[in-house]
Amino acid sequence: MTPTRDQALAMLRSMIRIRRLEERCAEDYAAGKIRGFLHLYIGEEAIAAGIIPALAAKDAIVGTYREHGHALLRGVAAEQIMAEMYGKSGGCARGRGGSMHLFSREHRFYGGHAIVGGGLPISLGIALADKVRGTGAITCVFFGDGAVAEGEFHESMNLAALWKLPVLFVCENNQYAMGTALVREHAEPELYKLAASHRVGAERIDGMDVVAVAEAAGQAVERVRETAAPWFIECSTYRFRAHSMFDPELYRDKAEVELWKQRDPITLLVKRMAGVVTEADIAAIESGADDEIARACAFAEASPLEPVAELLRDVRASGEGT
Amino acid sequence: MTPTRDQALAMLRSMIRIRRLEERCAEDYAAGKIRGFLHLYIGEEAIAAGIIPALAAKDAIVGTYREHGHALLRGVAAEQIMAEMYGKSGGCARGRGGSMHLFSREHRFYGGHAIVGGGLPISLGIALADKVRGTGAITCVFFGDGAVAEGEFHESMNLAALWKLPVLFVCENNQYAMGTALVREHAEPELYKLAASHRVGAERIDGMDVVAVAEAAGQAVERVRETAAPWFIECSTYRFRAHSMFDPELYRDKAEVELWKQRDPITLLVKRMAGVVTEADIAAIESGADDEIARACAFAEASPLEPVAELLRDVRASGEGT
Amino acid sequence: MKLSYRTAMREALREALRADARVVLIGEDIGKYGGTYAVTLGLLDEFGPERVRDAPLSESTFVGAGIGAAIAGLKPIVEIMTVNFSLLALDQIVNGAAALRHMSGGQLEVPLVIRMATGAGRQVAAQHSHSLENWYAHVPGLRVVAPATVADARGMLATALRERDPVVIFEHVQLYNREEELADPAPAVDLDRAAIRRPGRDATIITYGGSLPCSLAAATKLAERGIDAEVIDLRSLRPLDEATLVASVSRTHRAVLVDEGWRTGSLAGEVAALLGERAFWELDAPIGRVCSAEVPIPYAKHLEVAALPSAEAVVAAVEAVIA
Amino acid sequence: MKLSYRTAMREALREALRADARVVLIGEDIGKYGGTYAVTLGLLDEFGPERVRDAPLSESTFVGAGIGAAIAGLKPIVEIMTVNFSLLALDQIVNGAAALRHMSGGQLEVPLVIRMATGAGRQVAAQHSHSLENWYAHVPGLRVVAPATVADARGMLATALRERDPVVIFEHVQLYNREEELADPAPAVDLDRAAIRRPGRDATIITYGGSLPCSLAAATKLAERGIDAEVIDLRSLRPLDEATLVASVSRTHRAVLVDEGWRTGSLAGEVAALLGERAFWELDAPIGRVCSAEVPIPYAKHLEVAALPSAEAVVAAVEAVIA
């Protein structure tokens, strides 16, 4: 499939918005405005950019701690995302969650989960609820290659298959779980085969090629919706940055990183669309993204802190029982 | 392979000893001498009878709560086993473990574990120690079809394969996890394929045919010892009795049970060896087993209770830190 | 009408399934098998496999699925066969169920009920005899309750289902066969208040769940010796009904806690600390604790009995605080 | 020589690996990555992949493997990256490591050391900020220690490795960068005794691990106000050194506990209950508790600070028990 100019521009815009937002996050981290753990998605943008637009508004999403891009493309305002990272009350979790715990009920964006593998069972339950309630919605859950090593992954594949739950599993295989390379983490490094071993339909695609991702996503979403059964997509990708801001990256060669950078998903798309998408288009997208982020940061900066008096609010609805 | 008369007699003796011991356990349970949970192995004897004699004395065994037969064939004295079930100090865990927790360090019989799947990681560690220490010993771990649904199973397969640990995994697939039939427990009911999905060599055999089990066991033990890598055997079998003494067996038909009983491993072997093994042979084995069990029960009956004053003994070696 | 604790729990589940289409039951062997403790017996036939869902052995995942289902509009009641196996699901409970409302800034709610059998006394040995109520009672975001009577077994679930947040219900295995007369319709249960199961003036025995019967038996024995003990059943382990506890101790000036958990780090310890804070000047003697011995619970009957709280031990402890 | 807490732990590990061929290290990212908190940095290069074993993400299984290895003759030191992830391994720890010696009638031993980072204060939010020391301290069969000083970080491991049973070591994330002068060779550490980190006459502040610095800071401030507080570092959380605690409170007659765990069901509660039992007649005021607020720890700095114990809160609590 060759995307139309409009499709290509949309995909490019998605990826650039994430890239720019996260570059700003890295700066803000250095400046001390963002603290705690910060996990950047830079290099992996094609996945969110290919998958998330394929979902309907009624569908649900569950993510990991590396989820800024997913939230952004889902429609959570950059203002809310940046305010969250700044720990401000205008954030999409009132500043309580930070980078790892973005939530937006309105967008059915159900986290931001920081225990590796922990989002998988939750995604099953959301899908179950939609199935029981007959909403026709599906749930899309993102997770890394490392999560596949946790027992919960297999339990979740099995349960999703047994109960025939409409879940789209998206494995973002960026070749490392922190410092542990794929082959040191998995006896079977072709991860989609592990999903398939539970009779979950599974495929592997090039996660650096946003067009391929979008195509697979379109088909997969339709399939999950029609069959109300799970599907698994393994996306081969790479993170260009460190695991988190604390990672000295002792475990991989610069050369390896450089090699993968030659397959930067943004550059790949731009090359592919040469002649259709122009420098000016890109510049326009970039400046749009920069504006959006500048506005978001200004909002975040201005947003007040949640009053300390509200610390205990929302432990439980009733206030009692805390 | 057709077994020799001696081989057949040995296998028959193994199975009959287990069968008789457990029939006595059921009686003693009814009589209130044994309490707590009691899980009988009746119907599944061919597995222990085929596997355990294939192991060397230096090898280690890890079992489940359905492990009387395994302990017995490993050489733990029937006296110690019955005394354990009676809760007496002469028991192989001083009466503290009961039916589910038989231990004999001397026989490298490392339990008796009652959390489904819980023995698997432990077996890996034992194998690791033997590998590091260069003893040449392997570890054989038994577990049910239900255990394969726990995430720990997959984690254990992966780690055993990654670390190349000399573990023989023996899955006793008796078609049910308590009341949950295989196909309601597993999206992929051919369990050996799940092991294979982690690149652990795996096979399925007829667990009612003690000769087939013994043959597979011999090869597998040799293979694990030579390659120092894991191997997985799925044994298709059936439990003739209830899951435990509390189970009303609402979940399966009498007809199904009767069908499987036609493949009673003891009867199967006797039929196969017709002409070689005689009625008199069987009678001799049975009476030998009955004598052994009678002695064991007499011992257990006479064995004193552990003094209450010793309740806190062996919480830790030092006594302190309890 | 006379009802067993088991039947009362079942009736409560049946009522919930009938009353609200969003209620689904999830757990191991709750359907075809009929429930390990037969609590859910017959419910699969009555409500079908969509509402009574047998789960494979995968505690972490089916509890997590319950959380997700609760977030997305169902009211799941998840049975973890026993507290012993709940260790495998603790991450989902602590980092998911308990935390999500707060950490999402109030956006998500997890109206989930988790039921589990707890406790020892049936000779099922070290790995099947835990009492970890206090671990759960430690976690903000959870409400933890322990029905100790048939009436509470019948009524607590309905109250729990009205909460918009997770509730953990501990059912002691020794209680399932207990029978009691119960009014029909069964009275509603207030989860917020501890219950004074026996009023008394000389000392306060504070307990919950499976230890209520032995506490009451101790009070009866004490009465024969002229000691009038009050017996309080906590009912809610989190939050604790401090007012009732402080008021009682302010009357009796002496307290003994009875708790099947291991002594160190027990719920009994927390209640003792609380009374030390809130009723310090009211106390005429150190608070007594009758807990389980600090040992993996052994199989042999005599050792198991020796390890667990007993009426005799409670009597001795009350006499000690009065002496 | 001046050493950081991190380096001290690393030196202790190096020493153990050198001294005993049976010692192996197991954990996530302890090798190639160099350890999440860089504690194990360099050890893979020095000792090789057979002894420094990177494990896949599978906490339950690699902890269980550590148990098995200990049973069969090794002396494994397992790192669970943080206490938060230890929830996934609790079943193995409670039903395996802690129970096997007793339930096997004394036949098996599990000489296993489990290290984990604990605590909050780094803005890593609800799922990464737990302090569950008290859960572990509840479990018979475990020994639980918390080095709060560089000297203890350097010395506790060697003592722990001399035990023939499982020891859990909690390393507070806020301590890793702290530096101290240390004698060379570093002195041996006695795990059985709590340490009086600051003697005082007017009140006893009892704490452990990551809360020691703020407790000492509070004592300094109190001294400026003429209040002479004793500061005790528990060091061993299970068993507790009751004698040292009771002796101190018998001198000062007032006590405040400082514990980063959530208040209800905290270790602070257990110690308060214990003092209420053993030192009842010595206490001149209710025991104070400074704990974490009962809330999933939030990301935003000001909220996190508000949720955690602070020197100011300790000062206020001591003043309250003295008033």
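Letters A, B, C and D mark the chains as written, and numbering starts fresh at 1 in each.
The working rule: a residue touches a chain if its C-beta (ideal position, glycine included) is under 8 Å from a C-beta of that chain, and two chains touch if they have at least 3 such contacts.
Everything numeric in this text was worked out from a predicted model, so none of it was measured.
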Contact distance in steps, from subunit A to subunit D: 1
Assembly fragments, subunit C aside and the remaining chains unmoved: one piece
Comparison of A-C and B-C (more C-beta pairs in contact): A-C
Centroid spacing, where centroids are CA-atom means, of subunit B and subunit C in whole angstrom: 36
Approximate Å spacing (C-alpha centroids) for the pair subunit A, subunit B: 46
Centroid spacing, where centroids are CA-atom means, of subunit A and subunit C in whole angstrom: 40
Between subunit D and subunit C, distance of the C-alpha-averaged centres to the nearest whole Å: 30
Overlap residues in subunit B, where contacts from two or more other chains coincide: 95-97, 101, 113-115, 118, 149-152, 155, 158, 162, 184-186, 315, 322
Numbers and ranges of subunit D residues touching at least 2 other chains: 56, 58, 60-61, 84-85, 88, 91, 95, 102-103, 125-127, 140-141, 238-239, 294-296, 298
Graph class of chain-chain contacts, one of line, ring, star, complete, other: complete
Partner subunit A, residues of subunit C touching it in the complex: 24, 50, 53, 55-56, 58, 60-74, 76, 91-92, 95-96, 100-109, 140-143, 163-165, 192, 238-239
Subunit B - residues contacting subunit C, complex: 35-37, 87-88, 95-98, 100-101, 113-118, 146-147, 149-151, 177-181, 184-186, 246-248, 250-251, 305-306, 308, 311-312, 315, 322
Contacting residues of subunit C [partner subunit D, same complex]: 60, 84-85, 87-88, 90-91, 94-95, 98-99, 102-103, 125-127, 130, 134-135, 137-141, 238-240, 261-262, 264-270, 272-274, 276-278, 280, 283, 285-289, 294-296, 298
Partner subunit B, residues of subunit C touching it in the complex: 28-29, 32-34, 36, 54, 56-58, 60-61, 84-85, 88, 122-128, 293-296, 298-303, 306-307
Subunit A residues within the subunit C interface of the complex: 60, 62, 91-97, 101, 103-105, 110-111, 113-115, 118, 120-130, 132-133, 139, 151-152, 155-156, 158-159, 162-163, 313-318, 320-322
